[in-house]
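The following block contains the structure, expressed as structure tokens.
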Amino acid sequence: MSDDLYQEIILDHYKNPRGVHSLDHALAESHQVNPTCGDEVTVWVGEGDNGSLDVAYVGQGCSISQASASVMSELVAGKDAATVSKLEDAFMELMQSKGNLQPDEDVLEDAIAFAGVSKYPARIKCALISWMALKDARIKAGLTDHASDIDEEN
Amino acid sequence: MSDDLYQEIILDHYKNPRGVHSLDHALAESHQVNPTCGDEVTVWVGEGDNGSLDVAYVGQGCSISQASASVMSELVAGKDAATVSKLEDAFMELMQSKGNLQPDEDVLEDAIAFAGVSKYPARIKCALISWMALKDARIKAGLTDHASDIDEEN
Amino acid sequence: MALNVDEIRSDFPILKRDVRGVPLVYLDSGATSQKPSVVLDAERAFYETSNAAVHRGAHALAEEATDAYESAREVIAGFVGASSDEIVFTKNATEAINLVAYAFSNATDKHRQGIEVDPRFVLRPGDNIVVTEMEHHANLIPWQEVCAKTGATLKWFGITADGRLDMESNPIDQNTKIVSVVHQSNILGTINPIEDIMRMAHSAGALGFVDMCQSVPHMPVDVHATGADFAAWSGHKMLGPTGIGLLWGKSELLNAMPPFLSGGSMIEMVNMDHSTYAPAPQRFEAGVPMVAQAVALATAVGYLEQIGMDNVAEHEHELTEYLLNRLQELPGVHIIGPPNAIDRGSAVSFVVDGMHPHDVGHIMDSRGVAVRVGHHCAWPTCRRFDVPATTRITPYLYNSRADMDAAVEAIVAAQEFFGVLPESEKVGL
Amino acid sequence: MALNVDEIRSDFPILKRDVRGVPLVYLDSGATSQKPSVVLDAERAFYETSNAAVHRGAHALAEEATDAYESAREVIAGFVGASSDEIVFTKNATEAINLVAYAFSNATDKHRQGIEVDPRFVLRPGDNIVVTEMEHHANLIPWQEVCAKTGATLKWFGITADGRLDMESNPIDQNTKIVSVVHQSNILGTINPIEDIMRMAHSAGALGFVDMCQSVPHMPVDVHATGADFAAWSGHKMLGPTGIGLLWGKSELLNAMPPFLSGGSMIEMVNMDHSTYAPAPQRFEAGVPMVAQAVALATAVGYLEQIGMDNVAEHEHELTEYLLNRLQELPGVHIIGPPNAIDRGSAVSFVVDGMHPHDVGHIMDSRGVAVRVGHHCAWPTCRRFDVPATTRITPYLYNSRADMDAAVEAIVAAQEFFGVLPESEKVGL
């Protein structure tokens, strides 16, 4: 039952979320809302060591939205803007795949658990909301990568 | 073809309309428009001899509307308010009959030619417009009959 | 009289289908109802025999279409005790509410430009509009917008802990111009004392509006008896097609209002620089209307009348009582709204400890049970109860006790799956 | 490619019926078109398999319904070269035009209350709005109303004696805020040089709106290529159901406009005293929309695309040319509108000496020929040509030359019946 949606990884991140806090040295934040269900997430980004990103979030909402925020924060923390931008694209592509994509575990790690979400149009936004907040905050903070981000900013 | 609608009497009144003029001693006038087709009629009423009504009209529109105005003006001229009020009711009843009423020629005279109009919902308004103007002008002029008009004025 | 649910169900083709590999248990009629075959037949028959533009043509089809459309108006008016010139067809209830809200902002604008309008619709800073904290967004945002445009103030009745209107919080005063209240809350299920509220509105010299979206489909309603001046509801929630809603208004008021949508069929005389308007209801029906939808809705009304609205209400009352009892037996499940079936309709919202309403709904759906999750377009009501959202069950005449049982079992299954069922309850359900 | 009219006709059940005891010849498609069976099938199938409230539910049916609704938007957008976020579903074209007209009055109101709005929509006395003398009331009265509410002035292009826009009378100036013009006149048949007019609007810094009610159903249209900022048309005139219309608008502009109808589904965040709005097109689709109608309209679009809009236009052009020639051979018959088929659609209005248009239409109807009589919601255009009304023939893809002949014969019969046929012509037709 709903096994394709609620992977163990998702339930685990939902019950034991990582990265939930705010960021003292944040350069920008982004607050996103899913108006159909009221899910909310705020993501902060700052600069870490060697051009890497620091990421934190708080949120409330369904297991998918909260687990996704947790997985996202774990996955992108410490990576540079170019890598994060590629991860964002890879996750977006997975969400739009309608269940027809075999995600690359080497790239997306725990985030591959969300593959099943792409079969449920009403839940895709839940999984994406933290990623949208991340991208928005990153762009506001100027933590962008010319090659991968420039197109989408216009 | 369309014999039930276009009676000889109607075509005759359409081509040779009676009562088309304005009234010097009018007490009131009423201008009515049929917004769906643009037919217009203005009816004037005044007081004639012995409490009778003087009626005149000008108008433009289809054969039904113009013939009806002509028949109306001929029928009511010289009659008193009580009689006119009854004629108005009788004509209205005929128009609402959907073709199921045998009109009384002794009462309605030439106006019985409009019996067929009641089968064509879109044309009923054409036949009624001058009668509505008559009633409206009559009420404005105070040429009413207590017993037959009072209910409808409230 | 008890409804024969099996027989009723057989009239609704969609109820025979499977979803996610299991039979559908449709419990989202508060969002929109399903349609019996007779309604679909009527809509199709209209297109296949009499389709034409209404009120505009003189040919045979146009006459038939006009007759079908106006007869539908009569049937629908009769259903709520109104006369047909009090009924305006709109695309949904939302448009109907906006229509009256815009009467205020349009009259205010015209008044400001020196055009004569009925003073009851003119708003000035200091004036207020009263709603409640349990309004659907459709009966909240249009009034917020009117206030934003005119400088009037929005005020509202609060809600008690058990989901009733807090009559102590009554904000109606001499500056109130209109009071607009939901008849039955779509999220809490509460049936409000609208007769009292309409009386209070009128005593203060204000007009009264009732959002009947969740009452007209579910119980006998006589609009005049409520004491309201206006009411709105939608066709799609009462077995009718999508794309049609209703405004009822007292004739005298409708005719005192400036037009809303303007264009063809709502006019009397048109010049390039000035036009005059037809009387209501035509004044408010600009353009080619939803003719086939009106015809189909009249058939839906006939279907409901044949079953009897008293019987529909009684049936739903029984289901609601049964469902409330079963839910209250479930550990970790909390009803948001009145906990008993007194002055209460069949919309039942709840939350489950340790689970988000979205997840509850999703797992119910995986068992074929279609319920709605979210704020149900009543976000301020969710805030009032400090929940992000609820899961909502809304049965209708085609639902049975077995459907209520299926819902309850699905909730327990969701709790089990998420591991939030209190230890003591894991066995024996 | 010539259309196979016989085959097409067999798709339209209503065209098989008799009226007044004779076979129907339907020539009133300018008012509303008839519907092929595939469209009716699609509407019914939606209700029987996937009906649910869209954008609001997470259960299987709600997902299917949302998918059907949004896919329909994509198909319809594609039909006119637009992208789906530029397409707003309304109940008819009239609502679509009002939606944009209200953007002006609402923005003006909010601006007056100190709320930030896009200055392109704020009107001040001295500003003007430009239309033409050949507008349908739907594209005239909403702008009259905006002027009445804001103090702006309405100006218009006149019409030449042969039914063309009088470009000399161009009233566009630096104070013009929007120019709204009909693409093809529904009464005269004239196709206007909208690309030129949109350019003139933009040079003056004004926005441009095109009423495409009579163009999109009849010819290939690429909305972007017209240079317009907005366009409106209706579904019921292009083989679709009643109760659905379309607004196309450039995304940037739609998102700069304040909302029109407000309520559920058009919001982002809602509090009792303040709400924020979703981006377009959702911002303009408050309440449960016409889902089944959108699905059916997408099927109608598919049907038209399969036949090919080029072919539809060519077919209508041929019929129009033939009809204009035949009518011009009739003594006592005068065409109101361009007398030849150049830059002209298939709407053909005429008057008959000695007869009122209403009587002409009535006698045509008694022979089964359904045409429209009246001012066709273009009363000022009638005044311009000093006629109280016209009789109008509007063929579509399912009409043949035989239908044109039937119309012509019916006109002659009407003349004979009223005894207005000039002596010399009484024999031999």
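Think of it as A, B, C and D in the order they're written, each chain with its own count starting at 1.
Throughout what follows, a residue touches a chain if its C-beta (ideal position, glycine included) is under 8 Å from a C-beta of that chain, and two chains touch if they have at least 3 such contacts.
All of these numbers come straight from a predicted model, not from anything done at the bench.
> Just the number, please: Cα centre separation of chain B and chain C in whole Å.
Computed value for the inter-centroid distance: 45 Å.
> How far is the middle of chain A from the middle of chain C, if each middle is the mean of its Cα atoms, in Å?
Between these chains, centre-to-centre, one finds 38 Å.
> Please work out the Cα centroid separation of chain C and chain D, and write it as a whole number of Å.
Whole-Å distance between the two chain centres: 31.
> Taking each residue of chain D in turn, which ones touch at least two of the other chains?
Residues 56-58, 62, 267, 269, 358, 362, 373-375, 379.
> Out of chain A, which residues touch more than one other chain, so two or more?
Within chain A, the residues that touch at least two other chains are 36-37, 120, 123.
> Please classify the inter-chain touch graph. Allowed labels: line, ring, star, complete, other.
Shape of the chain contacts: other, as it matches none of the listed patterns.
> Any two chains that touch count here, so list every such pair.
Those chain pairs which touch are A-C, A-D, B-C, B-D, C-D.
> Using the touch rule from the top, collect the residues of chain C that touch chain B in their complex.
Residues of chain C touching chain B: 55-58, 62-63, 66-67, 267-269, 278.
> For the complex, give me every residue of chain D touching chain C.
Against chain C, chain D makes touches at 13-14, 17, 19-20, 24, 26, 28, 31-32, 34-35, 40, 43-44, 47-53, 56-62, 90-95, 97-98, 105-106, 109-110, 113, 115, 133, 136-142, 144-145, 148-151, 154, 156, 234, 236, 241-245, 259, 261-267, 269-275, 286-293, 358, 361-362, 364-365, 369-375, 377, 379-380, 383.
> Per the contact definition, I'd like the list of chain B residues that touch chain C in the complex.
Those residues of chain B that touch chain C are 33, 35-37, 120-123.
> Show me the residue ranges of chain C that touch chain A in the complex, using the header's touch definition.
Residues 355-359, 362-363, 366-367, 373-375, 379, 382, 388-389, 413, 417-418 of chain C touch chain A in their complex.
> Of all residues in chain B, which touch chain D in the complex?
1-2, 5-6, 11, 36-40, 60-64, 66, 120, 123, 126
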